Amino acid sequence: MADARYNPTELMICLASRQMSDGTTAFIGTGVPMLAASLAQKMHAPNLAPLFEFGGTGAILEKLPLAVGDMRTYNKGLHASGILDIMESAQRGFVEYGFLGGAQIDPYGNLNTTVIGDHDHPKVRLPGSGGGNDVGSFCWRTIIIMRQSARSFVPKVDFLTTPGYLTGPDAREKAGLPKGAGPYRVVTDLGVMDFDENTRRMRLMALNPGVTVDQVKENTGFELIVPESVGRNEEPTDEELRILREDVDSERLYI
Amino acid sequence: MAEKTLRILEEGQGALIQPFDLDAFRELNRAKPKALVDKRMSEAEAVRTFIREGDYVGIELYGTVRCPMSLTREIIRQGYKKLRSAAQGVYEADLLAAASVVKEMDWTYIGLEVYGVSHNLRRTVESGYVERVVEWSNAALAWRFKAAAMGVPFVATRSMLGTDTLKYSAAKVIECPFTGEPVCLIPALVLDVGVIHVNRADRFGNCQIDGITGFAHEMARASKRLIISAEEIVDTEEIRRNPDRTIIPYYLVDAVVHAPFGSHPGEMNGLYERDEEHIRGYFTESKDPEKVEAYLDKWIYGVKNHEEYLDLVGRERLESFRIKEA
Amino acid sequence: MADARYNPTELMICLASRQMSDGTTAFIGTGVPMLAASLAQKMHAPNLAPLFEFGGTGAILEKLPLAVGDMRTYNKGLHASGILDIMESAQRGFVEYGFLGGAQIDPYGNLNTTVIGDHDHPKVRLPGSGGGNDVGSFCWRTIIIMRQSARSFVPKVDFLTTPGYLTGPDAREKAGLPKGAGPYRVVTDLGVMDFDENTRRMRLMALNPGVTVDQVKENTGFELIVPESVGRNEEPTDEELRILREDVDSERLYI
Amino acid sequence: MAEKTLRILEEGQGALIQPFDLDAFRELNRAKPKALVDKRMSEAEAVRTFIREGDYVGIELYGTVRCPMSLTREIIRQGYKKLRSAAQGVYEADLLAAASVVKEMDWTYIGLEVYGVSHNLRRTVESGYVERVVEWSNAALAWRFKAAAMGVPFVATRSMLGTDTLKYSAAKVIECPFTGEPVCLIPALVLDVGVIHVNRADRFGNCQIDGITGFAHEMARASKRLIISAEEIVDTEEIRRNPDRTIIPYYLVDAVVHAPFGSHPGEMNGLYERDEEHIRGYFTESKDPEKVEAYLDKWIYGVKNHEEYLDLVGRERLESFRIKEA
């Protein structure tokens, strides 16, 4: 991150926003995902419909919500309902993108947001599943946003809070989870990863500006699939940064 | 661990005449447009485009109350003969029977309320034209929509137990894994087409209903295709002013049909009273098949569309049913 | 019915209304039950809360509803919801009284509103369960209103649409139905019946004016329990009739 | 017929810390007054009368949004130490943890949203003060309320499957009797006490909520006892004017507490914005146990009731959060 034009958070927001296509729906949590969705709306996906966990649909995001249930999540919205209406819409397949994060992730994109150490005598008690498990179960494509390090990218998570591809191919379907859904991208400060179609293991897709393959390997606690040709992510454009700073988060709540 | 099991205590012998596939339902819902697109069209186009012969169709609420009668008449006009349906109905179900539109039914109640039994239903069932009838309670049928709306295979209930209604349904009774007591599981009912009449909608399909919502919320979310008729088409700004009034969001909807007096001869909350003379006239005549034919010829086959129907009823007459603002 | 002061329908309405106590809830269908509830409200049960099947709660019944879902069922009401909210309230035990009728009833109060003859090739197709099965399953006390005859009061119903006491003591609980609920009264043009606590079979409770025990027996197709002392129902009072005719059903839709 | 069975594929090893008895719940609901009786009382009386030490309590929506904070502060003020709760929370759950009010939890999310993890929750759990934690997803916890609200033992879902969240929950996975595929059953959660803050209520307990309803509908119907706080107490005539705005009918409610700014420092839709300075101040201080003690002393133990709390916040300051009518 030699380049001081943007910080790592801004970079991840821009990279995440680029993953979303227009005319779809996104299940939005607080923080970075909200900024990514809002940026996507203002850049290339004007018809991206945001769904907020506690009932907001089709809001006009004039101001960034501070909570997944606050007034801004249904500001001039098309529908203000409740958590189950949203969750059941997701269970019925209406939600394309979901955003996730966590303290730990494994090669199959399984996430831990519950405990470090033993569940009943935890070393660190984390916030818990929240809607994470539901998003990971129902949304067609989940986008995971995390800082990358060997401590957080681990061979096995201490606690499997939210399903990625579980133990590999067909494991989700065998468990009874909806068919054809699962982790789509992992966006980090070092690059963007996807998942190999055959093994369902994490694969390096594109490096962030100034980052090397070795750096990514050093910061990954498991064997990452690295294809011969690895892409290179474009830096945040001046327009992305301007919209992000002046329009999306003009109050600078998150960046 | 040693394999644990639960006993299946009873299985209804009725057919699941509309088998469900929740993953296929998810694929269809994924493919529905999420952008705001104008879905307004005529009732003829909506019915032609979204209802195919043999489809499983549901109509909400029922015959004399907030019922999509203009669309029901259009379904009859277009000559469908082998539809399957969730039969919770009064006047509209009687008309579908009179016109021999339906071959198979999930049945809970079909009658004429204060006017007694439905002669046309008796004829179509007792004659054998209707080939399969599966029994349910009212709540059970609504819970079948609810299960589909939740995207799950079933809803648990403590109704239907111990009766022939359950025996002739497609429900199953199992031992509850938490209490050990018998519990009735009601299977999801994913409709091919749902047809719902609302007070107002915008052109994208965001809908508001005033007063009771019957089972509109559940049916809208249980339908692969959804046709809405609305008394009034409003600006999306009006929807955005009160998002908590939206009961059906646009992304569920395939067609929006503007249908003032669309519930006639039934009532519409806050807008108009029912046309009691018309209803009583039809129900009393409906004992006689010839008079029923004459009724269908005059009020359905004899008119091209809802506009002509309203002309036939008479605009002044319609105005007389309007509820004056208190 | 020598007495021309009232007709059989009016008598049954008055008898049914007298069965309801104040400060309770009643699940109301169309027709006679609506009149009985409305009369009870205006006579001895001002705090009787009517619940209508399609979502109306706490309506002020200025005009009699023509349908269980029409505007009058939530006229100046306290809550207008939907069928499942009402049915689930009943399943949770909130509804004291439910009203039922049918083409056939057996000694245990089981009802048939589905078919006469074989289900798949019916001699007569009846309206079906509707909410009947749910009311009979959930309401604490169901009141059955029927014309009494040997043809309709039968040893065994052709089709058991709605549960009474099924096959007798504990049969409901064994089937998984909620504990402690079931048929409470059977109100007919000949008298009022209840159910024996031990056998759960129908028992003559009180005769209508001018009716003899033998008449009731002749019009019952099964062995009716007749205790030594059988009560005598009071005729509709002038006040009951006046309120019923001038106030409850002034439009004379039902009487 | 030959005995048919279903396999139980997995059973969560977490405890059902609030076992349910649906028939006992029915008896309680039967006994609730159905007449219109005035249920207004002070927050102190409501909490004292309807919450007993050891009770299982649920609070809706959450800390910074339409949350019954005046009642939450009163619960802490009255010194409960062994409550059990459904932990879906932010600021309010953090405060309950800070004051060591809760011993057992059904847990889905406890954190401070944009302000990160809850230090007080970490302390109370990592120290072992909280003796049992059972895991759930957000939807699962809401479905547990829904099952209770339906009066049934469970709701089916396709969530939680294949994870440790399920393993440490009290859910069970069975073979679906209709599809043969694994389905997760979420057990009913019948709360001893539900605590909900609404925009307006009449004195009998008929409640209206503006905007999203979170899980108020489900929790209100899942509670043996229900305490409502309302920004405004309105005439029943206003309720009767729009019965379709009622989300909680009177017969569910045990206590109605008038609590203007009852959600402070959180927001209330249409009425006031959140007090960001107060929230940020507390959350940043909450790393330090001593500062947390000082906060509790000042804002909760140091005031007698909600009125005094509002004085302490400052009436002018409160007015500054009011949303001006557009």
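So that you can tell them apart, the chains are marked A, B, C and D in the order they are listed, and the count of residues begins at 1 in each.
Operating definition for what follows: a contact is a pair of C-beta atoms (placed from the backbone, for glycine too) under 8 Å apart; a residue touches a chain by one contact, two chains touch by 3 or more.
For clarity, every value in this text was computed on a predicted model and none was experimentally measured.
Each step here moves to a touching chain, and the least such steps from subunit A to subunit C number 2. Comparing chain pairs C-D and A-D, the larger number of C-beta contacts belongs to A-D. Taking each chain's centre as the mean of its C-alpha atoms, subunit A lies 39 Å from subunit B. Put simply, the C-alpha centre of subunit A and that of subunit D have 28 angstrom between them. Taking the mean of the C-alpha atoms as each chain's centre, subunit B and subunit D sit 36 Å apart.
For subunit D, the set of residues touching two or more other chains reads 22, 150-152, 157-158, 181, 183, 211-213, 243-244. Residue positions of subunit C touching 2 or more other chains, listed in rising order: 56, 74, 80-81, 91, 178. Contact topology of the protein chains: irregular, matching none of line, ring, star or complete.
For subunit B in complex with subunit D, the touching residues are 3-8, 11, 16, 20, 22, 147, 150-158, 172, 174, 176-179, 181, 183, 185, 187-188, 209-213, 243-244.
Note for the complex: subunit A touches subunit D at residues 30-31, 53-56, 66-71, 73-74, 80-84, 87, 91, 110, 114, 119-134, 137-138, 159-163, 166, 171-172, 174-178, 253-254. Residues 22-25, 47-49, 56-58, 60, 74, 76-81, 88-89, 91-94, 96, 140, 178-180 of subunit C are the ones that touch subunit D when the two sit in their complex.
Of all residues in subunit D, only 22-23, 25-30, 32-36, 149-152, 206, 221, 236, 239-241, 243-244, 246, 249-251 touch subunit C in the complex they form.
Listed in rising order, the residues of subunit B touching subunit C in the complex are 61-62, 64-66, 87, 90, 107-111, 113-114, 117-118, 121-122, 125-126, 128, 133, 135-140, 142-143, 146, 157-165, 168, 173, 181-184, 211-218, 267, 269-270, 273-274, 276.
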